[in-house]
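Data first, discussion second: the structure below is written as structure tokens.
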Amino acid sequence: MIENTKFQSAYNFAFLDERTKREIRRKILKAVAVPGYQVPYSSPEMPIARGWGTGGLHITLAIIGREDTLKVIDQGSDASVNACSLRQFIERMTGCATTFDSAAASLIQTRHRIPEEILTEQQILVFQVPQPEILRSVERHENKTRLMHAEADYSKLWVSLYEAYVRYGSLMRGAGYPVRVNGRFMMSPSPIPRWDVPNLSGARCLYLFGAGREKRIYAVPPHTTVEPLEFEDVRFRVEDWHGTLCAYSDQGQAFLDEIYEEDSTRKFVVNDSNFLDKLRGGPRPPQRLFQNPQ
Amino acid sequence: MANLLEIRGLAKQFRLHILNGKVINALHSIDFDIAEGEILGLTGQSGSGKSTLMKCLYRTYLPTAGQIVYQSNSGPIDLAAADEHALIALRRTEITYCSQFLHVIPRVPALDVVAEPLIRRGATREQALAAARDAFTRLSLPAELWDAYPATFSGGEQQRINIARAVVARPRFLLLDEPTASLDAATKDAVIDMVLALRDKGGAIALISHDAHTMNRLASRRLHLVEGRVQEVIHA
Amino acid sequence: MTSSDWLLRVRGLTKIYGQPDADSLANTGPAAATNICPNTGAIVACADISFDLYPGEVLGVVGESGSGKSTLVQLLYFDQEATAGSAHFTALDDGATDLFSLSSQRRRYVRNHLLGMVYQNPRDGLNFNFSAGGNIAEKLIMAGHMHVGNIRQRAGSLLSQTEVPVARMDQTPRNFSGGMQQRVQISKAIANQPPLLFLDEVTSGLDVSVQARVLDLIRQIQSELGISMIVVSHDLGVIRMLTDRTLVLKHGRIVESGLTDQILQDPQHAYTQLLVSSLL
């Protein structure tokens, strides 16, 4: 008898059924075609709760192939609980190779960071996005924010930036600094630090953003201009550690974590765990560094 | 001199809707002319229609019938039927109404009240203020009042400001309603001299005054109204 | 008449809420003593409003609550969508384009660059989550000013022009007095020096002395900048003080229009006579 192999495994390759993947891929194509524009998508149920990376997972599972090498980062670390859980889940659902090495991965899912090491044409970075709407802080109503995007009416966002300057004396805005993509759409870069924002612009890799709870996908294609919002006289700046070096690698020029030890002493450590490993093990990997304006 | 105004068949009727449509016939078919450089006096008892006639000429009252043809700088125009925008423009540049009581915007100093019409006609602020000071001096208005708000002034002081405001702007047609009612004899003559100076520059003036001295010195011709009709024309 | 005479030409402006039928316009208005269509319940907020506004002119619009006077300026400021009618504005394409035919993007341009609005309720014109300076900055940013130093300088001079202490520039107007909120609104409305300003019941709800100062400010701005204005008010005192010409609205229609002194001293329509006789 001819065996039906279809039901031999409990799940389809990469968990999602093929029709769902196709729907998500179509939405990704649209997102790539209109850089920075938020494309609504189905956001199907997953075996993890929304808000725990379902958007990133949808994209990863929809585009992953058997030859891909996967890396999952959570706030710069490959080893945090969330990074491990997601990596193991995708590994079990696809059988793909996994890696910690930013240069060796073909597909990287991330939360809150862009790897320090330059990503190439061979790589795709998938962001998990909690709040895709950059205008949400100035406008509560979705119908209004959509109109504002449609008409490129971003004055309120600018005013909130002006207000931040008036209140704090600089354009300080922790994570999720607003950016304009391709001279058109204002976009939330997801809660990455300002340090990572310049790396969005003119990159060689493809950036995909998935917001599962909010059911939105958007993208920054390779070699796209991404400008952080700034005024003529008040400019965008990345975080500055004023020459502080990493306690483990004795090197600077990377996003540093501030860590308090049990004896309440404090030290700074390179946040990107793979980058830190490489700094300690050998030559410094290639990096794009942003110069703050004078 | 040429006629500045030709009034033909002017009538005014008030229809009071809140008094069940009661009709008051205030003016009946009035005809007269005013020449350039002429002062025409309007006389008659209270309620004879003098003020109504003045207000019709200024279009504060909408004439019910007739024509008021005025030779404006840009050609003849019927004030009874003219477009409101044309009237606003004429009031800004050529026609001034000087009522018995001062109706100025509150909280504006006396000097500015008088200078304002001149500024509107294109004078610089300095020129306008200088002209206002000159007028106040001639009308012997106490200097400490020049920068005060006229709303608190006495009747005579307000009257002088009113006259100064009207005359300083040198209108081509001035409507003067009781210009000297609450003034002493000396100030009265100062006002009269100012009005005569305006006339000598070619201005036409319609005047209402119960003061015989004022009327005698100013008006070269009088229209005597009785119950809304011109009863006689008296030449001085 | 050439287009250079008028600044704003409005023709047949109509706003109807709900579903009108063919007779809705005929069945409403002053003659019918209602603005609600008896057949369909449609509300005719204003109908067939036509007028010309000249450069530098201040036009008053009076009427009781529900007469459609606020609707009129809200339609012209694009706060609401007109049902019918046209409005040509010489500040845009020399008056060749009907404002109501513009795309929403162009409407926003007109709103931000060529028009100003001061609402009765400061909440409608100001964002209380932003500082007073931020509210003014919004207008300036929309007009393309991207230099914080310059923006703050201009906002500061606008605030001092309207007698708001510049020291309070970085505070939210939420904590300001009613009169000061109104003055911040006026600063914002004139930030881009628009040729036309709408004032919707700006002094209602203010104390008499505060009212007087706001009116003084408006008059001063008018004479200094020569801005044309449409002043909506139920208060004939405000109309007398500010305007050259007046439209009287009732049940959404113009029942009378004329020079303001004529409307006040020789009102023709029964409704205007009632309005004026109730003044004192």
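To keep things simple, chains are lettered A, B and C as they appear, and every chain counts its residues starting from 1.
As a working rule, contacts are C-beta pairs under 8 Å (C-beta built on N, C-alpha and C of every residue); 3 or more make two chains touch, one makes a residue touch a chain.
What you see is a predicted model; the values in this text were computed from it and never measured.
Each chain's centre was taken as the mean of its CA atoms, and the one lying most distant from chain A is B.
With centres computed from CA atoms alone, C is the chain lying nearest the middle of all the protein shown. Here the spacing of chain B and chain C, counted between their Cα centres, is 33 Å.
Rounded to whole angstrom, the centroid-to-centroid distance between chain A and chain C, based on C-alpha atoms, equals 47 Å.
Measuring from the averaged C-alpha position of chain A to that of chain B gives a distance of 79 Å. Here chain C touches chain A in the complex through residues 104-105, 108, 127, 130-131, 133-135, 137-138, 141-142, 146-149, 151, 170, going by the rule given at the top. Per the touch definition, chain A reaches chain C in the complex via residues 147, 151-153, 155-156, 158-160, 162-163, 165-167, 231-234. Here chain B touches chain C in the complex through residues 14-18, 55, 59-62, 84-85, 87-88, 105-107, 116, going by the rule given at the top. Residues 5, 52, 54, 57, 212, 216, 219, 223, 241, 244-245, 257-259, 261-262, 265-266, 268-270, 273-274, 277 of chain C touch chain B in their complex.
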